[in-house]
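Labels for the chains are A, B, C and D, by order of writing; each one numbers its residues from 1.
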Amino acid sequence: MPETVEIGLGRSARRGYHLDEIALVPTRRTRGSAVVSTAWQIDAHTFTLPLVVAPSDAVVSPDSALEIERLGGLAVLDGEGLWARYDDAAAELRALDGETATLQRVYAKPVSPELLRRRVAELRAAGVRVAVRLSPQHTAELAPHVLAEGVDLLVIQGTVISAEHVAEGDTPGLNLKTFIADLDVPVLVGGCTNHQTALHLMRTGAAGVIIGYGAHLGSTTHSALGIDVPMATALVDAATARRDYLDETGGRYVHLVAYGDLSTGGDIAKALACGADAVMLGDALAAAEQAPGDGHYWDATAAHPRVPRSVVTGLADADRPSLEELLVGPTADPSGERNLFGALRRVMGKCGYSTVKEFQKAELIITGTPR
Amino acid sequence: MPETVEIGLGRSARRGYHLDEIALVPTRRTRGSAVVSTAWQIDAHTFTLPLVVAPSDAVVSPDSALEIERLGGLAVLDGEGLWARYDDAAAELRALDGETATLQRVYAKPVSPELLRRRVAELRAAGVRVAVRLSPQHTAELAPHVLAEGVDLLVIQGTVISAEHVAEGDTPGLNLKTFIADLDVPVLVGGCTNHQTALHLMRTGAAGVIIGYGAHLGSTTHSALGIDVPMATALVDAATARRDYLDETGGRYVHLVAYGDLSTGGDIAKALACGADAVMLGDALAAAEQAPGDGHYWDATAAHPRVPRSVVTGLADADRPSLEELLVGPTADPSGERNLFGALRRVMGKCGYSTVKEFQKAELIITGTPR
Amino acid sequence: MPETVEIGLGRSARRGYHLDEIALVPTRRTRGSAVVSTAWQIDAHTFTLPLVVAPSDAVVSPDSALEIERLGGLAVLDGEGLWARYDDAAAELRALDGETATLQRVYAKPVSPELLRRRVAELRAAGVRVAVRLSPQHTAELAPHVLAEGVDLLVIQGTVISAEHVAEGDTPGLNLKTFIADLDVPVLVGGCTNHQTALHLMRTGAAGVIIGYGAHLGSTTHSALGIDVPMATALVDAATARRDYLDETGGRYVHLVAYGDLSTGGDIAKALACGADAVMLGDALAAAEQAPGDGHYWDATAAHPRVPRSVVTGLADADRPSLEELLVGPTADPSGERNLFGALRRVMGKCGYSTVKEFQKAELIITGTPR
Amino acid sequence: MPETVEIGLGRSARRGYHLDEIALVPTRRTRGSAVVSTAWQIDAHTFTLPLVVAPSDAVVSPDSALEIERLGGLAVLDGEGLWARYDDAAAELRALDGETATLQRVYAKPVSPELLRRRVAELRAAGVRVAVRLSPQHTAELAPHVLAEGVDLLVIQGTVISAEHVAEGDTPGLNLKTFIADLDVPVLVGGCTNHQTALHLMRTGAAGVIIGYGAHLGSTTHSALGIDVPMATALVDAATARRDYLDETGGRYVHLVAYGDLSTGGDIAKALACGADAVMLGDALAAAEQAPGDGHYWDATAAHPRVPRSVVTGLADADRPSLEELLVGPTADPSGERNLFGALRRVMGKCGYSTVKEFQKAELIITGTPR
């Protein structure tokens, strides 16, 4: 039974834990980094890093996707982002000024299916494994275009999604189960925050489920909507759903991708130790010199026409490291925000584990007030 | 049994939860905003928003009341505020300088029953549903004037009130039960913070009970008096009192109005999910261009002649949005402090509920230290 | 059983609560301020306020003691402070500059028994009820002088004292039990922080026990020594010791005086609700225009020659209210730091209690993270 | 059973406590400082202070080691630090500028076994008890040199070490058990953070185990690696391991040395009360006028070539006290950061204990949110 407390007479709630409320506990064995592997395999694809780069126009462009592939991760292009709306998306990116109103205006231009197809084709031509994100609302309309060009992984992602959407007006909601059953490519769906929804999303046939909505320094979903994801708890719950589903299906393993509150190597390590198979990073990579947002970060919720839920964050004149330094080092920055996966490798070794799958069983301790 | 802990040998206390210590958990179903209703009905009155605007001279004037009615909410005029003390209240408002001493001086002028009657009559003539707030101390004297002009809802409100007041000297305390029984108009009473008092207030025949005393950034009731209202706990307790009373009376439903610590759409959503039927907003609307306080906020406790318990807060040259942007949007402000009820509608949908009554059962999670 | 948790394998500790972690819960009855009494009686002495002013040279001088008596409280002169060391103590006070080294130098001058006698005699002549504080180390030597001049209440006080002191070298420790048994005047002893020590101090025959060591903004006892007093828990524990001792003696009631973390009317109210009979205030009164420290505050630990444990705090050019405004109002300051006992009277009424003794049973709620 | 909570469905974690979440509770007996002893004895060596100075080039040089010995503590020279890499280490220290990149460059020069031997010989000649730290990776290679010159205590220390290291490539991991069994000098090993590892390290035959990795203001191990050591819990766990091992061996007592989060006398007292026999201090002594880092502090992790995990902290023009004032006083600084062991002596007395061994049983209280 989960830890629940009565918040008032006759009404209970669970206590959820954020990643910064827990820490890893080393075991009685340690390992050298050289005997540790951080490899991740989903469907037919193998990556040397358990890394999915978030579908934010601030970090994924056709160009940065190439470099991410080279370094061992998977980049997701936002199929409803600027690259699918503007022929010269780079020019639009340069013109952004950090104001929400500007984002709302720029993202108001309709998505062009033709442009979207072209982007997929270009990525494919460059030899990159192609992943594209679509929102649940537009998947029915846009997915055929993306699939036609041969996407490798489809990402169906909104702030909070479910396997059972009651739509508005005449438009029927997307039936994820039917939709995914008909596909040949693996699908990643999310965000989701709890056991029940995770289980239902697994039952749609998805290859992976995204846990969280990408909370970052600029996110305001918690204040605007009252939804907050204690990531450690959400991942542990979803890992239990994964085990339940594994049992229910006699062996289908669904991947969990943690998305939100991930800034440092330690955050990544803790997310994996809570049960994630990989992490989706957005703002953590915004400072990269190859990041199209030029040091700024925003996600899809920032441009919502009526209820924007994220501000543009950024570090104007800051030092811009390479993606390589950020992901695999080496670095001379001791903050924990660079050489993210080099740090992961070290901590896996210090805790005595040699694969991510084993590391999911690492011992955790609750550390109280973040210091 | 509620969660209690021993704070010392032989003495226990409950742990109360503030709204910012909890968050909403989406369910396995989602709904589009178009199939969600935020409507609220109390007695014969229906509102499209579950909104009562607090009886603060900083936000409710005869003019702003009109706009609030138009947008779907209910404004409460302070029957002991400046509009009942000064013929040219607007001039007095302009002369305020944020000093407590000034407030004490300006509010020292006695209430004029005639002026109070005129305000009610004017509001009525303008087609607004009229709600007026009186303090328990002056209800006996002033209520007849208000009622004579045909008020739609009477609000009897102090920081903390009870159904059983032991008065000072010769003046007998107001007998709420007798008083309300004799009335034809519905009455809202409060503030109250716990199950027992809520139940007793319900038994007075009130149509609604206000939970909390309107804690806001400038409130000092917690430091001056040591009274603090963990709102989530207070609402859950009062919701249990409502259920007890429903059973006891064989079906009389008393409304709960949450008042305090409500700044964002998320705060409002969480208050409703804890059992509130509507929210009373004060400082959250102070920035509106139509707010008579010109961007500043204070409540009735700010002008107390001996023990003032609130400071004037305000944002001198800040951007002043319209009441419409604040309440129903759209907005380009991502802080969560604008389009409050548009955000509510979205989160109700994301959590899978279509009415406020259903939404009162939403799952909650305790999130620990506010981040 | 108290709430204990295991902090590690095989070792438990209790969770203590500070006053700012709890709040008062009003009951279903309220009272007007006029039917509330804050009176306190100890031994033959009655005070209209449950107030002892701390033996700090920053707040108690022969002059301020007169005003404190007039307003209804009891001032304690530090029998080892500047008034007992310097003929012209006022001149020394004026020369202080807030540096610890200066305090150490000024307080290095030996106490003059003759000067101490003169101060007591002067206070007595002025018609003030005289209370003098001595440290346990110097009580044996100095008390005879104080008693000879007719002190009304003797205060034996150190940071942490016990009924059983193992002394250094040849000097035997003060035997509190023998010492107090031989006295005719009531004795207040402390500070103390737990049930066991409180019970032992009660058994010395003391009229009252001081709980806490006067923690204030400038205190560093918690960092220098690792001793911290969660005041709510310490008071509740001591109240249980008082009940145990009452039973053990068949009716001797020992007073509890809370000392530390008391800045506002709310703090005072919560201390009484936890079981205190009166509060000892120091820094809360330092801003008074009559305070000899001229707006600055320090206590006896600030001048320790080897391990000073308090810094001088102060508000250079700040507004200096009268002691009357600070204690009984009225005030135009809404911070809760003025009209401390007017606020107490109001909250006792709002919670439905008419005497301090009844108010010690007020319901408390734990409010989590101070906001 | 330790306190564990479910952080999600089916997965539990313990709650760990940091030193700043607990405080000491005095008992019913007090003692004068003169009848308190802080002495520490490990193997054949006795020290008047339970103090080991951390092997950081910022605090231990051949010169400062002499003064530390004189004051009653034990200094550990970093056998892989600048003194073992440069003939004129002082010149290198002067050239450091606080940049991680500079540290990485300066520490890239290989360790010279000859230089290391010379340093040990010099210290020995000066009459200091010599302790040298080596990393587990280089112990096999460098220890013979150190031992040949007659070291008194060998310290084998990394961020996190274990008794069972799986090495990389062809290099076999150091077998601590075999290695220590063959030695004549006592060995201190660490850091370690939990019961299981502590027990295994004790079984290697070590004379002492270091608990913690020296977390200080500049540490980023918690963010970079996700490892955090709630010191109070780690010490209590290790003390239980010590008791288990004592039982298992029929009487071999292994010393615990706390390392991390120790800035004040109170921190030191609490670490001992949790079970430590001595403390290892680093940054707490960096301000000393004799500290070779000239007011700055860094540890070995700061210079890691790929994943640095500490920044250089420091107080440019700050006041520089003597080591004597920092360790044994007297002082005019009331922060608790000077006269560290004078304060320890006082608090041991105030709590009623006369030796460190007895003080390990002092009562603790959890104080909630650090104030």
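Convention: a residue touches a chain if its C-beta (ideal position, glycine included) is under 8 Å from a C-beta of that chain, and two chains touch if they have at least 3 such contacts.
It should be emphasised that the depicted structure is a prediction, and the values quoted were computed from it without experimental measurement.
Participant: In contact with chain A and with chain D at once: which chains are those? Just list them.
Facilitator: none
Participant: When chain C touches chain D, do the two copies use mostly the same residue numbers, with over half shared, or different ones?
Facilitator: Homomeric contact, different residues on each side for the most part.
Participant: Suppose chain centres are the mean of their C-alpha atoms. Which chain sits farthest from chain B?
Facilitator: The most remote chain is D.
Participant: Roughly how big is the turn, in degrees to the nearest 5, that lines up chain B with chain C by CA atoms?
Facilitator: Result for this pair is 90 degrees.
Participant: Please compute the C-alpha centroid of chain C, do the same for chain D, then give the distance between them in whole Å.
Facilitator: Taking the mean C-alpha position of each chain, the two centres sit 40 Å apart.
Participant: Once you find the CA centre of chain A and the CA centre of chain C, what distance in Å lies between them?
Facilitator: About 56 Å separates the centre of chain A from that of chain C.
Participant: At least two partner chains per residue is the criterion; list those residues in chain C.
Facilitator: In chain C, 15, 17, 233, 369 touch at least two other chains.
Participant: Flag every residue of chain D that touches chain A in the complex, lowest number first.
Facilitator: Against chain A, chain D makes touches at 5-11, 13-18, 21, 99-101, 104, 159-169, 173, 192-194, 196-197, 200, 220, 222-230, 233, 302, 305-311, 369-370.
Participant: Tell me, which parts of chain A touch chain D in their complex?
Facilitator: Result: residues 1-3, 15, 17, 22-35, 195, 232-237, 239-240, 263-270, 273-275, 329-337, 339, 342-343, 346-347, 350, 352, 363-369, 371 of chain A touch chain D.
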